[in-house]
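For reference, the structures are reproduced in the following blocks.
In what comes next, chain A is part of two complexes: it sits with chain B in the first one and with chain C in the second one.
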Partner chain A sequence: MNRLVALVLLAMAWSAHAAEAQPEPLKLWHAYRGGEEAALLQATTLFTEKTGVRVDMLALPYDAYAAKLTNAIPHGAGPDVFIFNHERLRNFQGQNLLAPTTGTLVRADYFANTVAALEVDGQVYGYPMSLKSLALYVNTKLVPRPPTTTAELLALLPTLSNPAEGRFGLAYESGDFYFHAPFLFGFDGPLFDATGRASFDTPGMARSLAFVKKLQDERMMPQEVSGALVKTLFNDGRVAMTISGPWFAGEIAPSVRYRVVALPTVSETGTPMKPFLGVEAAFVSSRSEQSARAHELARFLSLGESSRVRTTVGRQIPANVAAYQFQEVKDDTLISSFREAAKDATPMPNTLEMARVWEPMKLTLRAVLQGGTRPEDAGALADRRYRALHRERPPEASPMPWLTLAGVMALGGGTAWVLRRPAQSQTFRQRYPDVSRAVTYVAPAAAGLLVLVFIPFAVGLTLSLFHHDAGQYTFVGLANFVDILASRGYSITEPLSFYFTLAVTLLWAVVNVVLHVSIGLGLALILKDPLLKMRGVYRVLLIIPWAVPNYITALMWKGMFHRQFGAINGLLVALDLEPVSWFTRFSTAFAANVATNTWLGFPFMMVVALGALQSIPPELYEAAEVDGASKWTQFRRITLPLLKPAMLPAVILGSVWTFNMFNIIYLVSGGEPGGATDILVSEAFRWAFQRNEQYGFAAAYSVLIFVVLMGWSVFTRRLMKPEEAS
Partner chain B sequence: MSEVTLNGIKKSFGSNLIVKGVDLQVGQGEFLVMVGPSGCGKTTLLRLIAGLEQVDAGEVRIGGARVNDVPPRDRDVAMVFQSYALYPHMTVRENLAFGLTLRKFPQAEIASRVDEVAAMLELGHLLERKPKALSGGQRQRVAMGRAIVRRPKVFLFDEPLSNLDTALRVQMRGELARLHRRLGATMIYVTHDQVEAMTLATRVAVFNAGVLQQVGPPLELYNRPANRFVAGFLGSPAMNFLEARRDGANLVGKGFTLLSPADLSPGAANVLVGLRPQDLRVAALGPLAGTVDAVERLGFDGYAFVNTESGPVAARFDKGTQVSVGDKVFLAPMADALHVFTEDGSVALRHPVERESLEVAS
Partner chain C sequence: MKKPSGLKMALIHMGLSLMCMVTLYPVLWVVKMALSPSDSMSLTANPFPDAVTFDHFREVLLSSDAQGRWVFGRQVMASFIVSGATTVVGLTLAVTAAYALSRFKFPGKEGGMQALLVTQMFPATLMLVPIYGILQRLRLLDSLTGLVLVYATTALPFCIWMLKGYFDTLPRELEEAAVMDGASPFQVFIKVVLPLARPALAVTALFSFMTAWNEFVLAATLINDPTRFTLPVALQRYVGEYKVEWGKFAACALIVSAPVMALFFALQKHLVGGLTAGGVKG
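And then the complex of A and B:
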């Protein structure tokens, strides 16, 4: 026994000693999955074998990855090395998260445009690992000789297309600017003007849009193409060519023979269609405590053996020049074709300005390809949207008057309270002898309220007086409110305007509540009927929609409204009706949202109504019947008035819930088309998190939402008064 | 014409037969009072007439027309519910006016009728209140008002006065009688109160366990009950029943011998003798003897409850007679006081010849 204890102690001492001797493991964060993750694991194992330094890998969900990095690194809780694409570079660099690679990075090891992508102000941050860009996938059975110019492409497409049979020459995700960019650059359209500002209203833009529109109008390309559709069509041999990235190779069925070639050259301009180049790099954190080792790891991952593993196992296109000397890489035509195709690629700018391009371009592409906007007018549309979304910072205001005002009000209030207080003959303690006990009872709830309600409220209120831009907060007074209420930058009939969204929100709330109440009440009336068999079963079934978490329901409905694969269109087709593209028109997108939310909302009203109905004595109906009331009169004169006291609070509650029903809007229509179905909360969310992080502006939205709901609650309290009195 | 006719009405709830084939005719303008023990089906019968329940068999006629399939609102009846059934969200005025509004009466007419009824039922000061703010008696009056204000062909009252205090009940009784006289409407009235039954009714119908036992003018029922149930049900204290055997000119029971009435027709040997306590006196000598068990004094006279060999018997005593618990007393029937029933009480064999006066204690 003693010996065992001694042994354990010894083992512990030894392991403690060993830990001391070994350096801390390096922390490596990434967002890889599947093959890429396996390849990274192999590469880090190689690193550990070589240097003896252990590496702790952590995979993060992609959606939360950037936020996690920007939060963790400044607090010293982040990784030593992390892998990210270069688009965020300037953002990270601006927040001082990155260590420069001066002295350790050898430019000649990598393709020049990949290093260029990682440059900010002459400094290179991060080691380029792989590149991602677009190329042309060609079904070699259908297209033995891939087109090299757009003229050849245009000549080829009609022979490959037959819309009646559902066959098309070309299909790609035409609604996504990432896929449209090669056309824009091929038609010589610059994306940024001389000052570096995004410019949309250019001849190149108009010509590129016209070209794509023509392909679609002449039925050489299908409409509303999603990635999933491209995959299906290409694998079925119904589409001869597609534009996609390296990831698409994994989705092609083994039976399909294909080749990857560079995108064609635009015949009118003689310029190759240059796709965006995305560079994935290993970045070293500026807070790494083992900076030298971290640089060593990052560099190791980007070169040599790691490149080979990442290529063969992870199917990445290496940025390392030497990697193409490996026999396996040489033999891999896909990798080398992409390498060829990426030669002309433009590194996607890592500027903030680039981040601002996406939303206006998405709107524009939709307006041209799905709506009736002419390609010549589309640039102006994008430009207006751009200006609306990326407001100039309002003039800085001095917070002094505000602070003074707040101070004066606090002082005045305090004085008034002291003066107006009736003179007390007793001390506070005498009047409230149990005060300490009372405080203990109230404290937990009060603390919760303080932390969960009052502090966020005060922060939000304060924030609404600031303008935020890339981490910089500027005090602007009421400028945010003025801009919102004056609808500056867009007319009040545009979806971006507060009034438009308010109108949509009110319509949304009213339509929903009316449907919830009428359906809920109708079902309650049916369920109340004692003659109905299996009432209990129905009751449980009808409450189920309420019991399922609402985002799950929302996602299910979103799936059901899908244009190609949704059950609802499936039903329409089965009934020989035209399938509906639900999210391209306001009316249908709004209807889809309403249907989903009604599904979620009626059970609550049903339960309340059922309870209220059951508390109405049946003799009242008999008395009314003898008094001469028809069933309808009984409902109107007996049921409804007696339901009112129970239903009114439920309706008020339901209207507030609906007013702020973010989940449904965000998950079902996502605001489509063009933000028209967004309601105030989802719009506030977009201003905060999808439109250049305009936190102050979003906070001002929230304050306005609060004001609207406050007004509503005051109004409804009035409404309830007579009920309470009686 | 608004007579109500019930032909062979049957009604069951589930497997319980509640109304077992009732035939009853209520003439135009008649005031029929239905009495019977609790649960015997009185309310059910009213609901069948009103149309709130469907008959299982038989036929309901109102004013000569068969109404089995006519909904309540088209039968032109008004019902006062045992549980009032006032509309809680309406004021008293609205409650009263409801039936008239539904029948699209002119506003002025509605107002005058409501005011008239309110005055009659002393509801004037309560018109703007909601039922929640009324006492039980006030609610009952509103419920009656709601029926009266409509002036229907047939009134159905289900114990409408049960919650009123004695004074108000007496007053309301008078009002009802006057109302009946004035409107000349047919009224069917359920009550547990024998005084109400006796004073209001033109005819009384006695029910037991879903079967109509006897129907007729109150005095007739009192004086000539068709069977033991009716005899025992009407009158207070209840009639005394003594088992007896015919023995020549006598009726002989345990501990007594009575002279058999001359008009008693011959028949089965065993009979049941009925004697109303009012017809039996505590006396110095008599055919029945026993020990006083309890005494009820009602002022000028009273009742003694006496244990005899044939069981407990109630008898009246006069003011002058001294009776106290434990006394051994004799009981003497008045002249020609004997009711005689068959042994099982199902058929009456004779009744005393009718006398002028009738005494009913409430």
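And then the complex of A and C:
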């Protein structure tokens, strides 16, 4: 068997390295799909024809893309050239991932604002490829004359909306700040003050939110809009207008006649609704070993023939000025209207400050749209959230006291152990006769565990004493723990404070385990009866949820709880009840999470209980029957006590699993509303991977989770003790 | 036991059928999404499709990248290689370690068992950062070998605990008898102990396979090349940032779940015995 394993491993190692034997092609990473990917492939083929340099393209999933770049490039495992939007520029530049384009980039080749977007401290990084900004898509059959001002829009919308028939004048992803930004800028709300710091509590913010809220309240716009919903409604002709970017054009059904126009001007202020301008650029990695060729490739992709292909095949809006001289590009109304719409666009700042705006704004937008917060109070809420989520680096601490303490403890512990060890009458060999055999059996597992479980565990614990920022770790002592436990930035009873999250987590674990065990045990009690017909069929059907991967379960249930199209609301309507907005209130969002987790968790308990019930000798029940004991007495006196030793470990295991059940929380409610349904582990994940990679702070959360679970395991061991004695 | 009355039986069957309907409903919903022609949705409680098309399945199964490589086939291969190797490696390591922990006395045994449990309480997502660094030093990034090693070891604590619990319940007399008959300790382990532990082995193998087959975060972080993605990562492309292709997602989800379901049903007889006996003394 071992030889087979070695062979399999060898074969895989070989297949992994076989590709590297050929001469070095340039590595190009991107997150494109469909037409954009095809266009990029054509462009790189042109490059290879021209220069003879091969290009290896790698399409990465968008969600994991940024994390992969920041992980891979410093380790020398990254690409030579990668395509990314400019929004993360400052972040990448801070981590030294990017090579400057001095000497190779000609500013006049591109629109000035696209080059400006790629500038940090006077230095340009990357070659601008395309523009991304929002514009108004109009179904020309329903709206022959697109509105140019918000007053016209407001006059038009009621004629196009009929909520009873599921028709709306406008639908866009209103819960996403990227889509709200044009409204904010149109109402003259600045996003940053004179010092460049984010400012939320402005009249513009309140007015823009009030405007959007009104559209939603008067049912001219649906609630809880997702990208998929916009696509469906627009293609069905049930929505007359939507706000979206160039990527949406590919989603529109061929039967729909539409136009793209600039967003309207806000009548109250006379300011156009200015969307964010995003610039997609080809960046050269600072660690590229073929830097000159990499620059050549990046520049090639952004100009000339490549930009023609990217426009015609990939439907991108080129940043290259000369591209608009091609006849095909001139004739393309979509491209030219987007170019037109992008004239008013505000280049999205590439600063770290911008990166810090998204999460507080998302929380605030949803709070307003869901009715939890009034538009005029929203700015203050966003400001509070911003300050809580934006952690300055705590003062550096000296690791010396810690190292000394650890040294003293190790020394003291060691001495105490040696001194207190009972005097051995036997030699080591006598006490452990088969130690050498034991070592051969345990060693392989122990080696693997040491390297990939215990060392990461120790590193994880240690990380909690550090602050991580842009690849730099600073020792900060207990500052992370102090911030968490003092609930900095939140009052204790507010969602997202440590204590609130802890309480939610405990409630989550208890409710789930109780439901899992009671449902599982109940079914097992019914199914154990050997006289029951179709017992096998029931058992097989009831086990299904366990076999479904839990992230699929989560996405499945998330869809079923959808406000407009979910099956659950479908059932409610069929029963003549009002449909429910599941994720706008804590109680319903929490219930949705619990329902999902119960569905996926009860089969495990059922199977364990079935096994445990089968091991109870039937004679006990027969004897009890003879003695005249009732069913209930039998259950209490025979079943429960004999179940306990088998069920207890399963319950403990189940509670630990539930406590850290990240997938369900993250994918079903996603913490909605406003982070209230987040549990500790999903908070830890957000700090680690969504808020500027604050690994140290996330590790501190994890250590606290660990402490809670350790406490729980000590408690449960007490529960198990009497069992072992009996 | 006396036979229950007909009415009671009917009630029990009704209850069970209701429960089965609740269990099946979401699954039917996925089947409906996978078979319905368009991505359009409407508010209905009916879990059966109005019209049937296999387009989504066809598109998922035949998906190839811009270079014309048949990506899906390679991803299925990658998933089977990773899960199969994880099962073999994980089971080999867990069985030997669990046997030693159950039968031999050696220093650090109790401490080791406790340490295994303790590591399970630290959130797995946070282990990602150190694991990435370690694999990079071992030159195992972006390789299936690295993924297999990580899966096999992270599943070990659970597997070892389960198997040790099961070994504890096996009577030692059989092994002693085999030794009397002149079998070497290794022969005893292979010929006597392992066959007796078959139910627990089946369950542990199932769990190792499932861990590797279903895992998403590690695979998405450690593997860069789409032709070597495991299926959960491949599935992610249908739930993108700008658009969710529910039809293809559902079709792909069904394909991903099918092998695990098949294994489950093949092994479900063992499941009851294997899990519980291990748990009794766990």
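Points worth noting:
Throughout what follows, the second predicted complex is superposed on the first by the 665 of 726 C-alpha atoms of A that agree within 3 Å, B and C clash if a C-alpha of one lies under 4 Å from a C-alpha of the other, contacts with A are read in each partner's own complex, and residues count from 1 in each chain.
The rule is short, and it goes like this: contacts are C-beta pairs under 8 Å (C-beta built on N, C-alpha and C of every residue); 3 or more make two chains touch, one makes a residue touch a chain.
Everything quoted here is computed from the prediction, not taken from an experiment.
Looking at the shared chain after the overlay, A:Pro617 reaches chain B, while chain C stays out of its contact range. Shared-chain residue A:Arg437: touches chain C; no touch with chain B. Contacts of A:Leu452 after superposition on the shared chain: chain C is touched, whereas chain B is not.
Within the superposed three-chain model, A:Ala382 lies out of touch with both chain B and chain C [touch as defined at top]. By the document's definition of touching, of the two partners only chain B reaches A:Ala629; chain C does not. Annotation for chain A, partner touching more residues between chain B and chain C: C. Of the two partner chains placed around the shared chain by superposition, chain B is the only one that A:Leu642 touches, whereas chain C remains out of contact. Overlap of the chain B and chain C contact sets on chain A: residues 622.
Of all the residues in chain C, the ones that touch chain A in their complex are 1, 3-4, 12-13, 15-16, 19-20, 22-27, 29-30, 33, 39-47, 65-67, 81, 84-85, 88-89, 92-94, 96-97, 99-101, 104-107, 112, 115-127, 129-134, 136, 141-145, 148-150, 152-154, 156-157, 160, 185, 213-214, 216, 220-221, 224-226, 228, 232-233, 235-237, 239-244, 246, 249, 253, 256-257, 260-261, 263-265, 268, 271-273, 275-277, 279-282.
Chain B contributes residues 47, 50-52, 71-73, 77-79, 81, 83, 85-89, 98-99, 102-103, 130, 132, 146, 150 to its touches with chain A in the complex. Interface of chain A with chain B (complex): residues 617, 619-620, 622-630, 633, 637-638, 641-642, 644, 726.
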